[in-house]
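Shared between the two complexes below is chain A, which has chain B as its partner in the first and chain C in the second.
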Partner chain A sequence: MKMNTRIISHEFDYHAPDTIREVLEMLDQHGSDAKIIAGGTDLITQMKMGKRTPSHVVDIRKLKDLRYYVEGAVIKIGAGNNFRSVMEHFANNVPCRGLYEAIYSIGKTQVLNMGTIGGNLSNGSPKADTAPPLLTYNARVKLLSLKSERLIDLKDLHVGYNKTVMEENEIMTEIQFDALPKNTAGAFEKKARVGSDISKITCAVTVTRDNDVCRNCNIALGAAAPVPMRAPVAESIMKGRPFSDQLLEDTALQVGREINPPAYGRTSVEYRREMVAVMFKDGFKRAWEQAGGDK
Partner chain B sequence: MMEKNKFNAVSKITRRKDGMAKVTGKETYSSDVRLPHMLYARVLRSPYPHARIKSIDTSEAEKMGVVCITYKDTPDFKYNERQVSIPEKTYRDRNVLSEKAHHVGEGFAAVAAKTEALAEKAVRSIKVDYEVLPGVFDPYEAMKPGAPKVYDEILLGENVLPIENNIACKRQVSEGDVEKGFAEADFIFEHEFKTGRVYHAQMETKSVVCRPEPDGGITVWPTTQSIHNTRQLLGAIFDIPLNKVNVHRVAIGGAFGSSIQMNTCIPISVALALKAQKPVKLSLTREEDMYDHCKYPSIIHLKYGLKKDGTITAGEMKTVVDIGGHNIQAYPLLGCMSGWFVSLYRMPHLNFEGTAVYTNKAPGCAMQGYGNPQVSFAVESMIDMIAEKMGMDAIQLRLKNYVGLGETFWGQGPTVRSIIRSCGVEEMLLKGKDMIEWDERIKPEMKTGRYRRGVGVARGFHTSGTGAPTPGEVIDYSTAMVKVNEDGSVDVSTALMCHGGGTLEAIAKIAAEELGVPIDKVGISPSDTRNTGYDVCTHATRGIYCGGASVQRAAKKAKERLLEFASRLIDVNPEALKIYPEEGTGQGIIYLPGTLQKNISVGEVAKMAQLKGWGTAIGVISHRQVNCPPCFVTNFIEVEVDTWTGEIKTTRAVAAVDCGTPVNPDLAAGQLEGGLCRGIGLALLEDTEYDTESGELTCGGTFVDYKFYTPVDMPPVEHVRTFFATTYEPTGPFGAKGVGEAANNATAAAVANAIYNAVGIRFAEAPMTPEVVLAALQKQAGVEK
Partner chain C sequence: MKKQTLNLNINGEDFELRIFPNELLVNVVRETVGLTGTKYACGTGQCGACTVLVDDEPVLGCMTLAVSAAGSKITTIEGIAEPDGKLDPLQDAFLKTNAIQCGFCTPGMILVGKDLLKKNTNPTENEIRHHIKGNLCRCTGYNGIVRAIKKCRDDMAERNL
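Moving on to the complex of A and B:
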């Protein structure tokens, strides 16, 4: 047998610096020998399985500077906030309902307490539950290294299966997006085997409504392609048109066409294709209802 | 017969004696045992499903300063880890470490080191040259001529048994003339059913600590359901006299049957400890555990003949069981499957044919129900199909044909039979039917819309132990010691295990009830094999019925002695004396009914007996039950099918058991809920699939991708209702029978029957995943999308 999930058999140095600067210095110094740990829900498992063998593990969990929220024209979320904190922060936020539901779907108390939103995105998985709702908000992420700071669109972060554009010496410090317009609401739909599970496929919908007209319908999908993705063609069908059941059906069908799921994973390609259509409709209906509109 | 409400301890809801330790994390499990100078072990396991070692080089590992053993260093002794059958029915196909892998994960070598991480590193440095053999993963493929041979020969008892076409064993049982029975029928029904290789998923992975003793003996703290069988087998493998093999009972983090046997990690740790001359701990990782055991899967072909009035004239079951790489208990399994089949519904003429087949997968072993959930899934689905075709009510058809009071029950296959003396089948069906509003059911074709609900029923039973009037193929007896301490408290000593369900709590109540002392006064002693008499195993739902019966008898003996002492003190004939628990003093009070003058506490008597040198009031008994009464079970389940996604939710459930007197009512209800959870998992979710290229589990052996239902997937708490049939088993301790395995036996069929009632599609193969259900719905005409 090639693996175990209990024993980390290689030795490594553990660091818990007090400042972001020290973290960045360590990353600069150790390059690919170092790995950031936030909640550890991904890294620890990968280390036990021998998929990652860093010589230096740099813990950023204690950095208060990565745990903050800023409200205003631009909403900012510190990347070090754990899932539970983000979920509670957005609990009564109708426009950002999708993000709340996405984290809620993770389910397990231990993971909610340990996992962080920055870790979820940095890990690079196409199944990251927080990615689809944030994609529908056109979110940006801030990447920091000793020598540079850059703000990139979340849609450009993931570049392949478990791959991101992040450099070895960069950490994610912030997730931000422009405050969502009024009459906006969202939803997150997930298909999984059991209540607390990694997804077979997910769908986030964020809708802005102008009475009966759908001003905007942003759709994003997880585990539907090697990276979390938007469904731009489907979005354009709905955008600016008065809502009708037929329009919903047409859009749903298009969502199914737009995905590019791998043949492996937790369900079949066919099932994923059929599900995204249903999930989009379910999510859209809930979001549409919540978006209200100035009637 | 004693009336229920007269009990003082039995049937009372009490705070569990081990509850505080368990909820505060202070309980000691095998993996918590730490000894001075202890080493940690890891095992080199086969990455291939079928391979032979050409050469093995441990020199790199040894350079790391670890203790290393390979298959060459362990005793040349073929064993079967399960020691419940008599020797001539025990199939022996394994060694402590093997030079041939029969499945991925079979151990070849092992190391012990100062840390587990070093042991892991050392094990990875062992170089092996493999001869990779073609594997076989399907039982029908395995039986074909020319298929890869998992074994050439094994041992049956002491005799060499050649293995032909990978057939591990066969069993055929018939009564009457089945052809005549089918000829007498007006209707013949036939169908095939399948269930998956579910993983036990017990919380604690298998673990062991072994300490070599200066006198050449060993002391062992293992994960096991039977300390005595573990002891005997270790003694045989390592040729150590049993008085030098001491096996301790430690708390077990769940079992579901996975530790009925002496787990294979145990002799590996013993071999390492003997070589190292230091204590060695070996705790399996989750993936090692998942490659170690699973539920026996089933392929069951059923045939029934019925008269127009619904009377069954004949029945036939043919089953093929894919047992994986080792034959742990396939022979008794097939016998039991015949028994479950025979004991569900009366069949004047019957035939059973079972074939167990080796493949290169993780070995199957007993799991909650031991073939019974599989058989009940087939039979109880089939009964619904028959009722539907014949236009009969599914409950009426069951009531007409079930095996009940006064009839013969096969508790452990054809050799273990007893007469049913208590039966709550009718009560449970009729009461449950009202609770779920059975009569409101409408036919599936009248249902429309995306979400469709349906209600299903299934019934079943399990045996309570494997006792019988004559010795059979399986061993069954228990030993207990009960003694009254000098302050009126009581120690109960047995080798019984509690797997979490409250067996030892029940044991304490039975002792308290018999002695007439308050339950708080009874303690369960730590036990090991040196200080307890033989107990076969806590399996087969026998803890309360068989183990409890021995404790009751031991307590009775101790009581007789106690009352004899009391009679000397208060000058009353001992046979006239009785004992009751007095709340105020917390003492058992010995009294002469009808008078207040002659009272004396149990504590006073025991103390006086000590001071006067009369001795201790003690009782020791080895007892075999001569019956194995069925504990009947009935499930009603409501499901909701999402016809757009194929997802199925269970929305309501009624679970009932006829366990005779429920000794721990709250824990028994909990068992019913747990059984529902596992049974729903069997129906809708669980299986271990294999990649036939690599021979590996597609789930990788972890809980990331092996999923089972948890409370969040169950119907809401307020919609899960349980109740007990009001029966009294005359042969059980205070009227009690078993519960444990019965709890999940009927569930999968109830789910399948509910799905049929919801959408009109019969699923005969578990698990019924959303992907499968959706495909079937799309095939069915008339589903709006």
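Moving on to the complex of A and C:
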């Protein structure tokens, strides 16, 4: 696609409301003519390419009400938190290691300052790096409009390539998940063209260990299908069984079989299938060790 | 689309600008204000040449709507030397270690390097390389740049002794 990168050529009105309520009113009033901007790291590119031409741009970055954390039985993350803040928040959190590593892999200092976790998920890309670890936590997202508030499972948010179930008058306010059990740890593995870049293929693993038994092995993959996905069949191979090298090999093979990547994008289907198996094993081993137990 | 008034503090100086909502910060800084130290290159956030500090944090000028910076404090490469012209220690280290060839990436590199040294006064080489990942250099192979940041780190440590 031909791309003008110097300017945004279409015209729009810019709004920076002070409250979430005003944002919702604007979305309600302008419907598909309005678009939320948070960090802008996806939206500005899309506007430069002419893929999106909203006549009203509604800025939510300064809304403090979208930047919070709640710890407890349910862990809650305000959708407006930027990558850097989420990364720092989870820096020493062993069970949520996958989320930390996913954001670390994004790498670029400026993108960490600008991009938000809500923007990453709302944008709808199967390559969104925060989606796989959050899927392994069975995360939910809160969607708010003037007339309703709904909590949906993250696995139901993405419904197709760059497509979500979000209505144009809805804003994502929160990402949440139940606190992870003891003896849980995770990892995130990513392959990209260069050191920090959009993913070719990613794999998040979150393991719960009962001494030698793998109580749970949640596996999620990015850039592996039109939407971020779990690998339920592979998970079932490991779940509830004592760990063995053979089991790890079998699970890894199944992860490779389970992905459903499009035959385009930054790399071939064959590369993804082979690599994801290796990446799963690397991630699993790291997580397994961290998850502790007696051995 | 109407022009809006935008109040910005750039390098300690207050500006009242009239700009369109679809203008990008990099273009406003370079063309409206005339500070051309900030560079425009890829326009897609890959290269970091357009980096400026907004409220002391490095961001991409090519992916920031200028209106969204209303009321913020902007720092560009022109704003980091002392008022009397004495160079910032990192600028000085870049010169002394020959970390500059064509110079196009230098403003962004220095702003991001300063950001690192502010947050971590004793970064390892790996930490330095990770922090400048969002800034591309097509001349130096990065070694000179890493050397400059290390030198500045060591100079700072020595001065604090």
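Everything below uses one rule, namely that the second predicted complex is superposed on the first by the 291 of 295 C-alpha atoms of A that agree within 3 Å, B and C clash if a C-alpha of one lies under 4 Å from a C-alpha of the other, contacts with A are read in each partner's own complex, and residues count from 1 in each chain.
FYI, contacts are C-beta pairs under 8 Å (C-beta built on N, C-alpha and C of every residue); 3 or more make two chains touch, one makes a residue touch a chain.
Predicted, not measured: the structure shown is a model, and the values here were computed from it.
By the touch criterion stated above, A:I7 is placed in contact with chain B and with chain C alike. Of the two partner chains placed by superposition, A:K147 touches none, neither chain B nor chain C. Touch criterion met: A:Q110 reaches chain C, while chain B stays clear of it.
Contacts of A:T267 after superposition: chain B is touched, whereas chain C is not reached.
In the superposition on chain A, contact is made by A:I37 with chain C only, not with chain B. Residue contacts after overlaying the shared chain place A:K64 against neither chain B nor chain C. In the superposition on chain A, the residues of chain A contacted by chain B and by chain C overlap at 3, 5-11, 45, 107, 195-196.
On the chain A side of its complex with chain C, the touching residues are 3, 5-14, 16, 37, 40-41, 44-45, 48, 57, 59, 61, 107-111, 113-114, 195-196. Those residues of chain A that touch chain B in the complex are listed here as 1-11, 45, 107, 191, 193-198, 266-268, 271, 274-275, 278.
Touching chain A in their complex are the following residues of chain C: 1, 4, 20-24, 27, 40, 42-45, 48, 51, 57-60, 62-65, 67-68, 70, 112, 115-116, 130-134.
Chain B contributes residues 42, 45-47, 104-105, 116-118, 120-121, 124, 285-288, 291, 644-645, 647, 685, 700-702, 704-705, 707-710, 712-713, 770-771, 774 to its touches with chain A in the complex.
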